[in-house]
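In the two complexes below, chain A is the common chain; its partner is chain B in one and chain C in the other.
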Partner chain A sequence: MDIRESYSRDLRIFDQWYKWSWFVLLAAALLVYSQIGGYYAAYLLNLIFINMIAAVGLNVLTGCAGLISLGHAAFMAIGAYTSTIITVKLSVPFWLALPMSGAMAGLIGFVVGLPSLRLTGIYLALATMAFGFIIDEIIIQWHSVTGGAEGLSSLPPHILGFVFDSYPKYCFITFISLSLVIFSAKNLLRGPFGRALAAIRDSETAAETMGVNLGWYKTLAFTLSAFYTGLAGSLYAHLLLFISTDNFTLLHSISYIVMIVVGGLGSLSGAVMGASFITLLPEMIAFSKDWLPAAIGNAAGLQAAVYGIVLMVFVILQPTGFYGLWIRAKIWWKTFPL
Partner chain B sequence: MIAQQIISGLALGCVYGLIALGFVLIFKATQVINFAQGEMMMIGAFVAYTLIAMLHVPFLLAFFLTPIICGGLGILLERVLIRPLLRESVVSIIMVTIGLSITLRAFAGMIWSYDTLDFPHPFSDQGVQIGGIVMAPIYIWVILITVGLVFLLYTFFKFTTIGISLQASAQNPLASLLMGISVKRVYSLTWAISGMVGAVAGIIVVPISFLNCNMGFLGLKAFPAAVIGGFNSIPGAIVGGVIIGISENLAGIYLPLWFKDIFAYVIMLLVLMIRPEGIFGTHAQKKV
Partner chain C sequence: MALLSLKKLTIRFGGVVALDSLSLDVHEGEILSIIGPNGAGKTTIFNCISRLYKPHSGEIIFRDQNVLKVKAHQVSNLGIGRTFQNIELFTNMTVIENILLGRHIFRKSGLLSQAVFYGKTRKEEIENRRSAEKVIDFLDLQAHRNKRIGGLPYGVQKLVELGRALALEPKVLLMDEVSSGMNLEETQDLMIWIKDIREDLGITPVLVEHDMRLVMGVSDRIAVLDYGRKIAEGRPEEIQSDKKVIKAYLGDGHGDPGC
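== the complex of A and B ==
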């Protein structure tokens, strides 16, 4: 049996050495596949990595702190536009633009987080939704800087003279960013910060009584979440090389929520699993079209319908998401002969 | 010009108010917010379209038949989707209703196509002149129907046993359960009523807006209405809707045109920051 014998082991990012080796193996497999799997596979992998970053960001806020955001696409948009504008117009190098766009989103996340002290539940959901619409409109109207409704072209990133101009090459950047994000998130969430957020989620009153500064931690959760999402936005912009507000609508905000719900609220592995599942869902639908009756397979709204049904089914029947299934399977195997 | 904008804003505001009324009814009874209320309105409009344009039912009959069908749909949805989550957190119920809105929109697109359809309605396009203001009769009808519906709901909640039991279980589910009110039936009934209100909103919004499976997005504008009026106040929903409708149209005149689309949300953010419980709402004190 796997019993944790010491406090220091409880605090480790991976509590056993072989989990590191699994991680390294997975990383190696993914990177090799991105190089030999062809252009489209590399594009999908990039997209999955970026969505994972965004999902981890949203999970910090919604899963860990219990604050709903229906405006995360706006943070993504802020990251994407900041990165594109400063690399194209001010020729800032990409390695600097990436954290700067995260910081910009984080700054705005801080400002948005301030009223969250007074708003919870549905009110916060509505406020962040309104924030998303307002950011969208600002981007469309601020034509001189953002290119307005026509969108904005971005450049493939250069780092130390090397140009990451194809999807397989770009995979290195997205993968390294993803690893950094996951490790930093895991590191932050295992400590006092993560525990304070969980305490706030479970009972604000109890958390406050125990000395958790509600305002500080809630704003911090918003800032961190927006920072990660801004990074994802920046990476997204340099992947697509063209961005417009159509990439960052309310439906995108909802799709990030679907990712973390399907994966499992409040766990990083859940965010990772949910992001891969939801990103690959259109591919799976396209793949299974051949086996479906033509009337269903060719219906125009099939993807949206599947999306909505998946969301409802998971919330009602499997509220702990894929992560819950994974834990259940693990426990089942551990006690197998019994 | 301004008077006309106010009238058309008033009519559109009534529609926002009716959608917001759907939110408020459900929120009052179950502390749940139904993100699919805009889609309920869309389904109502499409059902009416099917009855009138395809089955050739007279308009007046369809006007009464559609709410009944949509009320049934409301009961079904509550039974299948919301009942299993009765004790769950707000997040999960918001997720389910968002999923429902996506699904309803997709199915409506599959069934009735993604094109904007032509809705046959008996209201003439000829403007009527009242006190020097020319306005389309549909605007007057929308306002009259809204007033009538609110009056009907008011009487229902005030003077019928079912209405009073609805109010009771909204205020204190446990106490009303002890008094012999079936709270579960009350929840079903609430969804039925909000489905009916949504259907009426759908029928009257189509002549002043459009009939398309994306018209549910109009429901997003009803959130500011519900927030301004207060999420637990029935008159507040209509007042909030009217405030949004009129101020939006006035913003279209006095402010840059693009501001019109987000004006409702700006007002909502301001209200949320200053007085989150809205104009008519009451602030719930939570005991620990």
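== the complex of A and C ==
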């Protein structure tokens, strides 16, 4: 029986300390695998970690505050380009460039958040989509700084004289960043800030009457979400070592939405699960091609079609996503013979 | 000196005058009920006080402060809590989370402190839990503490909304038809709670109500509205025998016989 004796115990993320060991075990397993699993596995792990950061970022805005954004690839682009430009052209060290690119994206997120105070639903989605196109166009036109349509080369990060020049080594950076992002996001979302966002999502009238400053919190949600996504963008740039606007299209924005819907809107573990699933989906498709009839397996646009089908299946059959499945499994396990 | 006073409040929606130069005083420690036929403007008064509607003219003074000068999210800071006629709860949150949101105005820790969740934030959260737990005990909501709002019966949802407003520790509590959707037993409990809210918590309740048994049972004073005007005001037994009130509710007997 779990009887809780104190409020501080009630506030814990896990009510029993030993449950943390599962987390530590999973993290250790992933890190070990990234070192011995070969270059491609390490690359995929990096990509998964980065997408998890971006999904957590979008989840703060769309999942928790209920504000939909179709422009998150643009925040990622801002982070990626900021980081690349200041490390390559201004020789800013990576450990400083990473938070700076997040801050840059956060600042732009703040500005984009301002008009969002008056927009909701489909109109906000359109406005953020337009924002994505604008950023795209700025990057292409501002040739002298961004390299325009040809793209921009980035450098592998140096920290304290150590060069993270291979995928397995880079895994440490992405993993630590991901841990910090999840730690801070979890704390923010379980406290007064997260409650205020959820309140805005569920009833603006009541939230306002209870003293929540709607404008301030919506802008904060945009800023924080853009900050996380900017971090992901910076990490992405130093992983690929070459970035162009093709890495940050509308389809990318949509794939982040798919991640958080498939994972379970509003839950951090959902965003994490959704990001892993969607990042691995192309691999699964490539893997299963050999078993599919040639007409389907070689069809153009197979991946986009599978994305669409996955999204539809989840929205119709499992709207609470992987997170909902996880909760169901946990309840079933606890109450087993019943 | 009145705790909350409305002075010549007027608001129009298109051609309809919802409140017509309405003046009303709420005194500290009394239970005031506002009654009237549907569409008389009862909820409109509350919406003006919580700054959801902007009156065309008039003043709202609460403890020497002009309520019409502050923004909607600052009204709760002044010490005015409220519930809604058609429940406005946070449906995807649990009961305790809804009540904890009522503690929003008391938070002091910044975002950075919240991101680390240590020291000040932790202490504040524990304090918030303690206050929320008191509200839960007060309203006997223990059984529903960790349930989501979506699946709760209507009567319980009404209570959670009351609890959320109580967590604000307001001076004045505007209760908009809390009894609607409650069964007889729940309404009787509510009657006791309203008195406890005044006596134990020192909060002055203002009720908008349709349930006459409740109104006559708890009110010290009743104001009757019809077509945005106050047609009567006084003690329950005065209101019950007031000719204008009876006419507003039942008609004067000279109306169209076809009705």
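The rule is short, and it goes like this: the second predicted complex is superposed on the first by the 331 of 338 C-alpha atoms of A that agree within 3 Å, B and C clash if a C-alpha of one lies under 4 Å from a C-alpha of the other, contacts with A are read in each partner's own complex, and residues count from 1 in each chain.
One rule holds in what follows: a contact is a pair of C-beta atoms (placed from the backbone, for glycine too) under 8 Å apart; a residue touches a chain by one contact, two chains touch by 3 or more.
Keep in mind it's a predicted model, so treat the numbers as computed, not measured.
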Practice task
Answer with clash or fit: chain B and chain C placed together on chain A by superposition.
Solution key: fit
Practice task
Please indicate which partner A:123 is in contact with in the superposed arrangement: first for chain B, second for chain C, both, or neither.
Solution key: first
Practice task
Kindly classify A:222 by the partners it touches after superposition: chain B alone (first), chain C alone (second), both, or neither?
Solution key: neither
Handout entry: Touching partner for A:311 - first (chain B), second (chain C), both, neither
Key = first
Handout entry: Angle at the Cα centre of chain A, taken between the Cα centres of chain B and chain C once the superposition is applied, in steps of 10 degrees
Key = 80
Practice task
Quick one: classify A:319 as touching chain B (first), chain C (second), both or neither.
Solution key: first
Exercise for the section: Quick one: classify A:49 as touching chain B (first), chain C (second), both or neither. Expected result: neither
Exercise for the section: May I ask you to name which of chain B and chain C touches more residues of chain A? Expected result: B
Practice task
Pick one for A:210: touches chain B only (first), chain C only (second), both, or neither.
Solution key: second
Exercise for the section: Please work out whether A:184 is in contact with chain B alone, chain C alone, both, or neither, and reply first, second, both or neither. Expected result: second
Exercise for the section: With both complexes overlaid on chain A, what's the closest CA-to-CA approach of chain B to chain C, in Å? Expected result: 7
Completion exercise
Intersected contact list for chain A, partners chain B and chain C 205
Exercise for the section: Write out the stretch or stretches of chain B touching chain A in their complex. Expected result: 27, 33, 81, 84-85, 88-92, 94-96, 98-107, 109-110, 114, 220, 223-224, 227, 231, 258, 261-262, 265-266, 268-269, 272-273, 276, 286, 288
Problem - chain C contact footprint on chain A (complex, rising order) - result: 7-8, 10-11, 184, 187-188, 190-193, 195-196, 198-199, 201-203, 205-214, 220, 266
Practice task
Spell out the residues on chain A that touch chain B in their complex, using ranges where they run on.
Solution key: 62, 66, 68, 115, 118-119, 121-123, 125-127, 129-131, 133-134, 137, 140-141, 205, 250, 254, 257-258, 261, 265, 299-305, 307-312, 315-316, 319
Problem - Residues of chain C that touch chain A when the two form their complex - result: 50, 52, 71-77, 82, 84, 88-93, 97, 100-105, 107, 109, 111, 114-117, 121-122, 124-126, 128-130, 133, 164, 168
